[in-house]
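Some structures are shown below for you to check.
One chain, chain A, appears in both complexes that follow, with chain B as partner in the first and chain C in the second.
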Partner chain A sequence: MIRIGREGGRKSVFAGYHPLLNFMFFGYAVSVPIFFLHPLLLIISLASALAYSIYLGGRKAALFGLGFVLPVMLLAAAFNPLFFHRGETIIYYFYYNPITLESIIYGLCNATMIGSVILWFTCYNAIMTSDKFIYLFGRLVPAMSLIIAMALRLIPRYQAQVQRIVAARRGIGFDVSTGGYLTRVRNGGEVLSVMVTWALENGIETGDSMLARGYGLPGRTAYSNYRFDSRDRLLLASFLGLMTTDLFCLVTGTLSVQYYSRFMWENIQPFASIALVCHAAVSFLPLALELREDALWRSLRSRI
Partner chain B sequence: MPGPEKRRLSNRTKVAAVLVILCIPLVIAINILFFEDRSYYITSFVIIALSMVPFALVFEGRKPQARELVVIAVLVALTVAGRTAFFMVPQFKPVVAMVIIAGASLGAESGFVVGALSAFVSNFIFGQGPWTPWQMFAFGIIGFIAGLLFYQLAASIGAPSRDGSMRPENASYLKWYDINRLGSNVRARRRVERLRILVLCVFSGTATFVLYGFLLDTAAVLMFTSGEFSWTGLVATYVSGIPMNAVHASATVCFLLLLAKPMIEKLERVKKKYGLLGAQA
Partner chain C sequence: MALIEVSNLSFTYPERERAALVDVSLAINSGDFVVLCGKSGCGKSTLLRHFKTVLTPFGRLTGAVYFDGRLLGDVSQREQTSRIGFVLQSPENQIVTDKVWHELAFGLESLGEKAPVIRRHVAEMASFFGIQSWYEKTIYELSGGQKQLLALAAVLTMQPDVLILDEPTAQLDPIAAEDFIVTLKKINDEIGTTIIMSEHRLEGALPRADTVLVMEAGRIISHGSPSVVARDLQKQKDQMLSAMPAPMRVYLALEKSGDRETNGHVPQTVREGRVFLEKRYGVMVRETSRTQQLEEREIVEKTGSRFWTRFLTGELAKDRNSSTPLLAMKDVWFRYDREGIDIIKDLALQVFPGEFVCVVGGNGTGKSTMLGVVSGENKHYRGQVSCLGLDPRKAIGNELSDAGLAALPQDPQTLFTRATVFDNLIDVAKAYAKRRGEKRTPEQIEAEVLATCEMTETLDLIGFHPYDVSGGEQQRTGMAMALLTRPQLLLLDEPTKGMDGFFKAKFAAIIKRLCTAGMGVLMVSHDVEFCAKFADRCALFFNGNIVSEGLPRTFFSGNSFYTTAANRMARFLFAEAITAEEVVELLEGME
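Our next item is the complex of A and B:
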């Protein structure tokens, strides 16, 4: 996986919305392609995921798409026809195993699904930072989210502490960068040993400090950096409207597709096209918000 | 000291855990009845996610103390730091070794929490994905089993004899914290210590190869063939996964050989020094 984020310091607009909306969007975006394996739906998902991840990550995301997602998709597309031989249109015999058109189509659809899920997750990693996750689930699993928050904070702290231990040991003549190979390994091991002991002792001290400040008492409040403002309300309303319409149309089966034993693709009825339009609207909404903000930014700047 | 009352689970937690377990067959039934294409991936994904809920409920339900929370957070942070330190070498990671150490010296429950949260937290760095719940469950269950084998079970085997003294022949080979009860018999101590490390290594190698490899390979197959299930595909994936799983298992054993003794000694020392987590005084 890669880390993607806006270059040039400007933050993503969608990331500025309430964490609930971020989470809701990604929950929808990831689960719809998994649940409803319809070719058109999948193409919309893949296109929007690719567009948004490239918008968020730039060239790095495009390279990730080419170098990781595409091979995985090809592998997935090849996997299906090689191991599944259902379907009535046999086009080739591969070592006495029939390769059917239906399983090729199914493999392609499945590959599209996998590609869009992976790409959505790259966007998720850029938007849903750990603090947002902890904010959302802190009430539900307070102890565990506290552990997550503490562990995330401790990792950079340990990196800094290792530097200090190395410096201190250099001062008393145990430099990790000089001496023979074995000496250096031994000195490096000592650094880690000191590090772990320090980490545990320091942790106990932190725990005692927490206790002294009243951890575990009733009436605990949580720091929160998020508030649900009118902008969030508007987006929530549009998400809810579009998503429920879409899910209603999908669940009632207007957009059904049959892969075996013969690929059958239902005619686009009015309901089905509503489902597709809603799905596209939701999937492209964050990107649209970003682009609108960019346009606004450019127009304001040119006026100055 | 967690007394017997603190250890007891609240009824609400018990009911919730039972409900979650009942949910699993329900999920399977819904999938069979309503999704004719039988999406194995979704079902297994939901089951894996649900099966972690009882562990979380039990952990949250007993309101862990601040010290315990911090020690777990420290172990999670060290494990994640270990995983990031070896980011260049695929599959050669100290995560399972650290999780097993945590389970062995802090108990099954803490072992699960350290395992599952290490997977989750490290994926904030490596990237969350559809594999996250599978990794969380795999690491968690390995830590849980390590705790069962090397902490609680061992504690019941190695109970003190009737006169209260602890003779070497009563000492459990697997129980970590009673090494000092073997007295001044240095050779016996060393023998016990070696045997423990050996047992731990055999367990960790097997657990990594079989449990982690099996779970994550199954997840990959189910993802690749999301609608259906094929034995040949499964076997092909397992076979192609053997080299990677072998690397992972041997990495775990290597890291345990290096880390088990110093890490467990440090943890036992902290437990004894601060009277933590029901350590024997």
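Our next item is the complex of A and C:
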């Protein structure tokens, strides 16, 4: 996946909201089209995902959409009619295999679904940094968040130390990249052995440092820099309102679609149009927030 | 009432005969700044660790430690966690999490504080230490000095009454170390936190201390204000005197009864020392002829070395024109990336056989990078490097080591593969015997190893695990490993970091011995005092280049800031005197 967001991409307003809201949004945006495979929902989802990813990632994201997502979608769209022959409206025989209209429609819907999920994930990557993920899930298991933080500290340290050991051993003539196969394996093994001893020995001081700062006392809390402010509460309320309305309308079944053996969808009921409007509102909300902020900055700048 | 009181504390580690602490009694008052000093292995760390229950080692213990009027064992863990802060030696090891903000919050999380409380204390500390600008950073991006300040701040967020620090500046360069001690003094002055620190670099710490404790072999041999302790040590003729700051040593050597210049106060800083010298000797005329004698004496002293005999007979000067240097660098440029900035710029440096060359300079000037260029780790893109006749850029695999180059890394722990010092050494000797195609018996190899141990003064260590010996001893073990490769040119990267004065003197003696045997030694270091005392030639590295170079005496007397404390103090009288002993000798000669 491409990395968009902080490095290179533009500064996102939505990313500044509480991680819970970020996660809630993506959970919803990705799962609803998967569970309710309705063409109109899918189109809304694809359009909003594409728009948001291009907003966040700019040209790079657009190229990614054209160069990767589009081919994947085409493949997915072609796959279904070529290998599944259900449906009663045969429009063509391909090497004695019937290609049906229903299968084509289903394939297109599937492709749209896959495309929108991929695009949502590129946005997710830009918005939900590892910090936020750890924060959210660390709250479920407090011990876990500390372990992840320690691991993130140790991995780059260990990498650097291995490089240092290799250089140090080379300095007294034990290069890991020369000599016969056996010599190299042995020298590599030595590096590993130095590394293990070093890690265990130095871990003792880390342990002392944790103990000295009260690790192991009962009732440990997990602190984070994130705070849930009034802006977050407002967005949460909007999300909850729109999402529950949308889900209610969807579950009550007014927006049903049948793909096989004949493609059928009911005329859009008032309830169903509410669902679609709500879904579109949620899907485009982050983008709307970004655009509003951009407009605000433009007006601030013009006043200066 | 004393905040911490120790009465008749004795302690012996399991399976050790000798006690680590012998009948220690002391009292530390609230608000004191206490400096604990003594040779490596004298029991400083052991004593400090008895001030916090979770860190107290196992062993046989008699006597008692009281905190705030109660037996320390009766003070709950929760109370100890917040009221007794402890900072350890290694900035790397004591940081637990990956983010600065998380590290600051760690202690308060343990205490179960709620988010708003943590936020407030963390914010306070970040502001006090001026670390707002790197508050969101990952630990990986910080320098060593920043990490140690973070470790300190992470303890202070719990608002301890007493702060205990076990050689906190040992792993830092002089500038970061000074910053750290200044911060400690600020905490002591502005918050009133009691500070107890062990330290071997006394130039910075001693002038700021209210009380100094000197330990030797588990006992406290002196106790009191810096002036009192210094006089005490002089009376006892204790070796620790040589670790005291240069102004103190100069003053004590020249002290006469009824001195009026300082009212009994022993000068501790360069400023105080200089004021004292000006008051007493200011009226005397500068005498330059004295320094002539110094040079002669120095040369006589050093004639033990073949280098110096050759220097005296003028042979070396001839050599320099005719014979090839071990290392010759000319117009060397290096940078890490095509687009990066140049780290080494137009560098020229030569090292001749039998010469001990020290390159001094600040952090991040490219000193270590230069060693990398010599060893082929960093490949220069312009200029010529000839290391033992090879171009390091083109040397593959172990070619350079086989030609006689050995590099000792900053951290010798990266070399140790076996469980004892002896096995580590045997391994290297065996590998090299095999590589050279020599047929040697195990006895012969063992004999070579033992001879090397004698040379590097590691014979007493051979049975120990290399991690169980002190930092200075680890350096010597690493040195022994390097010597078993039978090098002609030895590269040393900051070897005196974390070494106390006695280990430094030992280390210097070993280097001298090697030079006598004709080996060339190139060392990069921050340690001005060490280089002034022991180097054959010094060079100042700045901005990727050597800006000045010369014999230590001419080199350091030519610098006005980057020089030894003794020189800064007495240069208005004798610009050429660079050690405290020389200053004393010259002044005594004047009277």
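For the reader, a short list of remarks on this structure follows.
Note that in this section the second predicted complex is superposed on the first by the 222 of 304 C-alpha atoms of A that agree within 3 Å, B and C clash if a C-alpha of one lies under 4 Å from a C-alpha of the other, contacts with A are read in each partner's own complex, and residues count from 1 in each chain.
To be clear about the criterion, a contact is a pair of C-beta atoms (placed from the backbone, for glycine too) under 8 Å apart; a residue touches a chain by one contact, two chains touch by 3 or more.
Just so it is clear, the model here is predicted, and its values are computed rather than measured.
Shared-chain residue A:211: touches chain B and chain C both. Once the two complexes are overlaid on the shared chain, A:295 sits clear of chain B and of chain C alike. With both structures placed on the common chain, the touch criterion links A:113 to chain B but leaves chain C unconnected. With both structures placed on the common chain, the touch criterion links A:169 to chain C but leaves chain B unconnected. Of the two partner chains placed around the shared chain by superposition, neither chain B nor chain C is touched by A:62. Looking at the shared chain after the overlay, A:80 reaches chain B, while chain C stays out of its contact range. Contacts of A:220 after superposition: chain C is touched, whereas chain B is not reached.
By the touch criterion defined above, A:193 reaches both chain B and chain C.
Of the two partner chains placed by superposition, chain B and chain C are both touched by A:146. 146, 150, 152, 193, 197, 201-203, 206, 208, 210-211, 215-216 are the residues of chain A that lie in the contact sets of both chain B and chain C, per the superposition on chain A.
Residues 52, 54-55, 77-78, 81-82, 85-86, 88-90, 92-99, 101-102, 105-115, 118-119, 122, 138-140, 151, 154-155, 158, 375, 377, 396-398, 401-402, 406-409, 411, 413-417, 428, 431-432, 435, 467, 481-482, 485, 491 of chain C touch chain A in their complex.
Per the touch definition, chain A reaches chain B in the complex via residues 1-3, 30, 34-35, 37, 75-76, 79-80, 83-84, 106, 110, 113-114, 117-118, 121-122, 124-125, 128, 130, 141-144, 146-148, 150-152, 154-155, 158-159, 193, 196-197, 199-204, 206-208, 210-211, 215-216, 259.
Interface residues of chain B, counted against chain A in their complex, comprise 37, 39, 41-42, 56, 59-60, 63-74, 76-78, 80-81, 84, 113, 117, 120-121, 124, 126-130, 223-228, 230, 232-233, 236, 262-263, 266-267, 270, 274, 276. Within the complex formed with chain C, the residues of chain A that make contact are 131, 146, 149-150, 152-153, 156-157, 161, 164-165, 167-175, 177-179, 190, 193-194, 197-198, 201-203, 205-206, 208-225, 227.
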